[in-house]
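Note that subunit A is present in both complexes that follow, paired respectively with subunit B and with subunit C.
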Partner chain A sequence: MTGALSRLSTSGRFLVAPVCLTVAILAFGAAVPEFPTIANAGNVLAQMWVLTLLAVGQMFALLTRGFDISVGAVAALSSTVAALAANHWGLPALPLGALAGLVCGGLNGLMIGSLGIQPIVATLGMFVGARGLALLITDGGQVVPLSQSGIAAALAYNSLAGIPPIAWMALAVVVAAAWVLNRSVLGRRIVMLGSNPDAAWLVGIHPWRVHLAAYGLCGLFAGFAGLLITIRAGSGLPTEGTGMELQAIAAAVIGGTALTGGVGRVSGVVVGAAFIQVLFTGLNLSGISPFLAGVAVGVVIIGSGLLEYALRRFLSPLEQNRRMA
Partner chain B sequence: MNKRTKSLLGGIGLLAVVATSSASAADKTIGFSMPDLAASFWVSVTYGVEDQAKQAGVDVIKVNAGGDANASQQIAQIQDLIQKKVDAIIVGATNGDAVKAVVEQAIAAGIPVVGVSSPPNTDKLVAIVSADHYDMGKLQAECLAKAMGGKGNVAMMAGPSGQTWSDLRANGFRDTLAKVAPDITIIAESRLADNRNAALTTAEDWIQRFPELSGVYSATDDMAAGIITALKSADKLDAVKVSASNLSPTAQQLLKDGELACTSIQQIVAQGRAAVDQAIAAAEGGEVKKEVVTPALLVTAENLDTVDLSSVVAPSDYRP
Partner chain C sequence: MTMAAAGSPSIRFAYRPPASAAIAFVAFVFFAILVPRFPTLGNLENVIRVASILCIAACGQAVVLILGGIEFSFGSSVALASVVTVLTLPDTGTLGAFAVGAGVVVLVGAVNGTLIARFELPSFLVTLGTLMIGAGLASTIAGGLPIDAPASDAFSWLARGRIAGIPVPIALAVLSVAVLYFLLAHTRLGRFWYLAGANVNAARLAGINVRFVVFAGYVVAGAFCAVTALILTSRVASGQPNLAPNLPFETIAACAIGGIPLAGGQGRASQVVYGVLIIAMMNNAVVLLNFPVAYQRLMIAAVIIGSVLLQKLAGKGWQTGARSGGSS
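Right, the complex of A and B next:
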């Protein structure tokens, strides 16, 4: 009985992002002539991946009942490290930036899992520290232009079967994230720790190891986002990423990830991120006041939260009955 | 039921927002990508862009990156303008290097790009519009030399290092001072201070180190406010003259109180207007001026009430 109930309310939360995305596409398609074109679809599919990678990483932290507000700063640090490494050792050294993200995430995981520091405190510390480090290694926040910016521009803007090569790469690591979550022992442990920490402990799971892995993955994906930023901008950007952590949390939650832990799907998060990107792109194309655009994004995010509540109520009348009884 | 209705409001709100904004049917559309519409500087540029475009009868699509740190956002926004197939794009860059690649994509797609104030770092721009920062330093030198009586020792609060504008202002000041007042010596220069508080601390140190100080050059009015605070608390404001650039409300008050000798300012609205002129010319295949430089103005206590600021700041009732 309880199983059926939770399945119903769970499936409701994963409907929000597809519904929002469909409504947004139809609305912009009707209002903005340049929106419903193949070229613009490619445009959105090229732009959405920084947010998607951050949101997928964030999902792993949310699954353990925590969250990570350092992802924007970690992405900026990774972007900077990637550019410095690429200029020193050549373009193949670019992925070292993602390694920097993994280290930051791992430190978050250790602080939270081993030392029992609250996620908000640990990741706030990392947020400030990573930003400071990024400024330190760039002489006070100067951008680091890539010496081989031509190759970076080709990776970022040339079309390979409709979308740029880096979008394919981002898609590949997102698929890998789905495999980790659904098919690996680690993924099951992360979900179990988030849905029932006591049970996880009883079956012999070491919570600190799972925290280490979950936040490590979160940092690694922030690192991937940093690489993407570097390739798109043709330079390492130490001051980039402000506000991205909150967009990432919004995308993950709209995509059905529960703030209470234990529930989340990669596909949902990808659709949630796509929805936010469609919103930004559609508003840019429509040419409305940038301030009004900001208000619209805020209203729509809250609206999608209400939609989630409504779908849950609508799809699980049994839950209502039980409450009344 | 009531709750479900409420939940639909988000979606309906979106529809309403989009429906009211369908494009009008003007001939040309210009995209304007700016770094930060919360900064008063860019509000004034935007006013110039919009007003000039209105007079010329072209549409403007504004996109705002929301801060100098948001280069990724600006890259995506310029991609959107390319998708929109605007006839020209005006770009004030969050960072000249970071938006270089996407701006070159726009140019490759056949859209001419005009840089304004902080241009993208590419040589493929059809035009660059900027203030004459060298002239701003020059005007400061002339005014400060007069205020100091042509002799004495001056220190330079030259602004952040690695910024073209601060370098140009400092050079303009140095070159002109050597010409108009060879008896004035530059005894100190700081490139570390770049805000009011840092300027205050640096000025306090200078007051201790150089009792013979009689003038201070300041790259911005914000730093000048810090310098004046330091001079006041050391009771040296009568002996030391201060000049600055830019004209914030604070600077206007300092001028009125006679604490600031003068401030040299750039014509910000005029830059927006010039950028639109060049963008339209480029879109219509007309003659484009590769480099447009708007001259600086000098504001003192005497001309503060009479100087024409319509080419400098947006009217106070203007909302972008």
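Right, the complex of A and C next:
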């Protein structure tokens, strides 16, 4: 049934991010002398992970045909909770921040899955609510400095085989996400619910449980992003992450995740996030307005949609011929 | 006011107010009892003045939601319009600058409409893209900083002036709602929006030029948003590259609270009004109560979720019976 051609049209979407990343690296490499240095490559590899974690989480929500606009606010809340917990109980309590993210995501999942509220309304509520909560526990948005910031700085800025330890940890979490998506029953259920909700229902999958898990994972990854923010900044930042939700969706979409659900790869999302990071870094180094990065990201988003339209246009007649033959 | 747009294009009801009307009424009584300064004439005018700016853009969002789409680009097209308006002001005069600013927003709507209608791209993707492009352009043009406009009475009239004693934003909001009501309930185009939003294939099979109908919807949405953009620009009297980043979310929330389902094919002008009023009353009340910002945010979150949930429960009785299959 699924011939080489239809496989090409589905895998074509995953080519957008690598091509864009390559073009961006080559262009900046040729135009900006500071860009193609090992130090700068290490910079990009150290900085891209907050966006990557948010985008990987976002992918799980997108896979179920939904999306989550609360990830930036949830990351800020997690960052704050992590810093407060670490100051109260010592540095090993830092991961409690990720737990806060998981709870927020789980609440989103419950609202969407079992109460049937549309994702935009539910996560909009969380977007406003998580910000409010972050302000509430910090006396109106005060930064929470870590008392043991030395260890955090070592984690964030020492070099372990070229990139900081914290980046390795983020990479490990991302690999775990790929494992969940591709190798676990849960991951397959998320994909199934996204590609055909009715079929998923008929084979006995409880949609609300899958929604709970998908948005829970999204919140958990926003929580990890919050931890990363705290460790890198050496403090909890309750007002961080504004605008990150849309960048995360952009990275996921450029990375080939379908808004119609059921199609997505972790590797694609990572490359999508890397592309956005390269754009920001490159434009900053080149001295051109860094705001143009937004324009480039927007053009790539719409361009990837147009590419898909073109592929569909040109491949579908061929597909039909195959079926008839 | 009774604005009886039938909830579904084929079935006519005797006028029945949407569930959000009841919520708005209860909220009004509740705040009036709880907050002594709330039901004074001056404060209520203030509430409606704030509501009116959101209301006009929400009218545009409602058209897009009825089409089954979603519009994010409001967030940056407003900012782009404000920057462009202030930059062209010295050359073109107030009226010309307003025309150019409004043109920018309508143009963004037309670009969205073309990409969505002609190339059948998802509205989510397209408007997210144009949101980012617009924000980038606005910041690049302005250099990341606000540009002050030379102070003039003509320029600030849109936000601060009065027509026959009524503040201009309120008058424009009433006009916008009337236009939306007329379009939705009394024009062929409006009825086609419902049909295209409820079932694109059926609309196409019925011989409707779906491409034009959808395109027109996004242009009209842009036109509504343009009015909001001009009022906001006039109010801040400067070109702000970061003018109203949350406008898309606020307008979507207003429509959702008003009871317009995001699945498309349904919604009426009165629901926009109730949704906007609920948000504005609540914002005003929490400020009057002098709660810390943190509690304000938490209350707003609770109201967004709560009122949508309430309507889901209340609407099970009669709303669902009115349409055939409904949302997935």
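The definition used in the following text is that the second predicted complex is superposed on the first by the 284 of 325 C-alpha atoms of A that agree within 3 Å, B and C clash if a C-alpha of one lies under 4 Å from a C-alpha of the other, contacts with A are read in each partner's own complex, and residues count from 1 in each chain.
As a convention for this text, contacts are C-beta pairs under 8 Å (C-beta built on N, C-alpha and C of every residue); 3 or more make two chains touch, one makes a residue touch a chain.
Bear in mind that the values here come from a model prediction, so they are computed numbers and not experimental data.
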{"item": "Partner chain in contact with A:162 - subunit B first, subunit C second, else both or neither", "value": "neither"}
{"item": "Which superposed partner A:122 touches (first subunit B, second subunit C, both, neither)", "value": "second"}
{"item": "Partner chain in contact with A:36 - subunit B first, subunit C second, else both or neither", "value": "neither"}
{"item": "Larger contact residue set on subunit A - subunit B or subunit C", "value": "B"}
{"item": "First, second, both or neither for A:246, with subunit B first and subunit C second", "value": "second"}
{"item": "Touched partner set for A:111, first subunit B, second subunit C, both or neither", "value": "second"}
{"item": "Contacts of A:90 with subunit B and subunit C, given as first, second, both or neither", "value": "neither"}
{"item": "Touching partner for A:27 - first (subunit B), second (subunit C), both, neither", "value": "first"}
{"item": "Which of subunit B and subunit C A:309 touches, first, second, both or neither", "value": "both"}
{"item": "Touching both subunit B and subunit C, residues of subunit A", "value": "242-243, 289, 291-292, 294, 296, 299, 302, 306, 309"}
{"item": "For the subunit A and subunit C complex, residues of the former touching the latter", "value": "67, 69, 111, 115-118, 120-122, 124-129, 131-133, 135-136, 140, 197, 242-243, 246, 249-250, 253, 259-260, 289, 291-299, 301-302, 305-306, 309"}
{"item": "Residues of subunit B touching subunit A in the complex", "value": "3-4, 6-11, 13-15, 17-23, 37, 59-64, 66-72, 75-77, 79-85, 95, 97-102, 104-105, 162, 320"}
{"item": "Touching residues on subunit A, where the partner in the complex is subunit B", "value": "20, 23-24, 27-28, 30-34, 37, 39-40, 43, 46-47, 50, 142-143, 145, 149, 152-153, 156-157, 229, 232-235, 237, 239-243, 279-292, 294, 296, 299-300, 302-304, 306-307, 309-310, 313-314"}
{"item": "Sites on subunit C touched by subunit A in the complex", "value": "70, 72, 115, 119-122, 124-126, 128-137, 139-140, 143-144, 241, 245, 249, 252-253, 256, 261-263, 292-298, 300-302, 304-305, 308-309, 312, 328"}
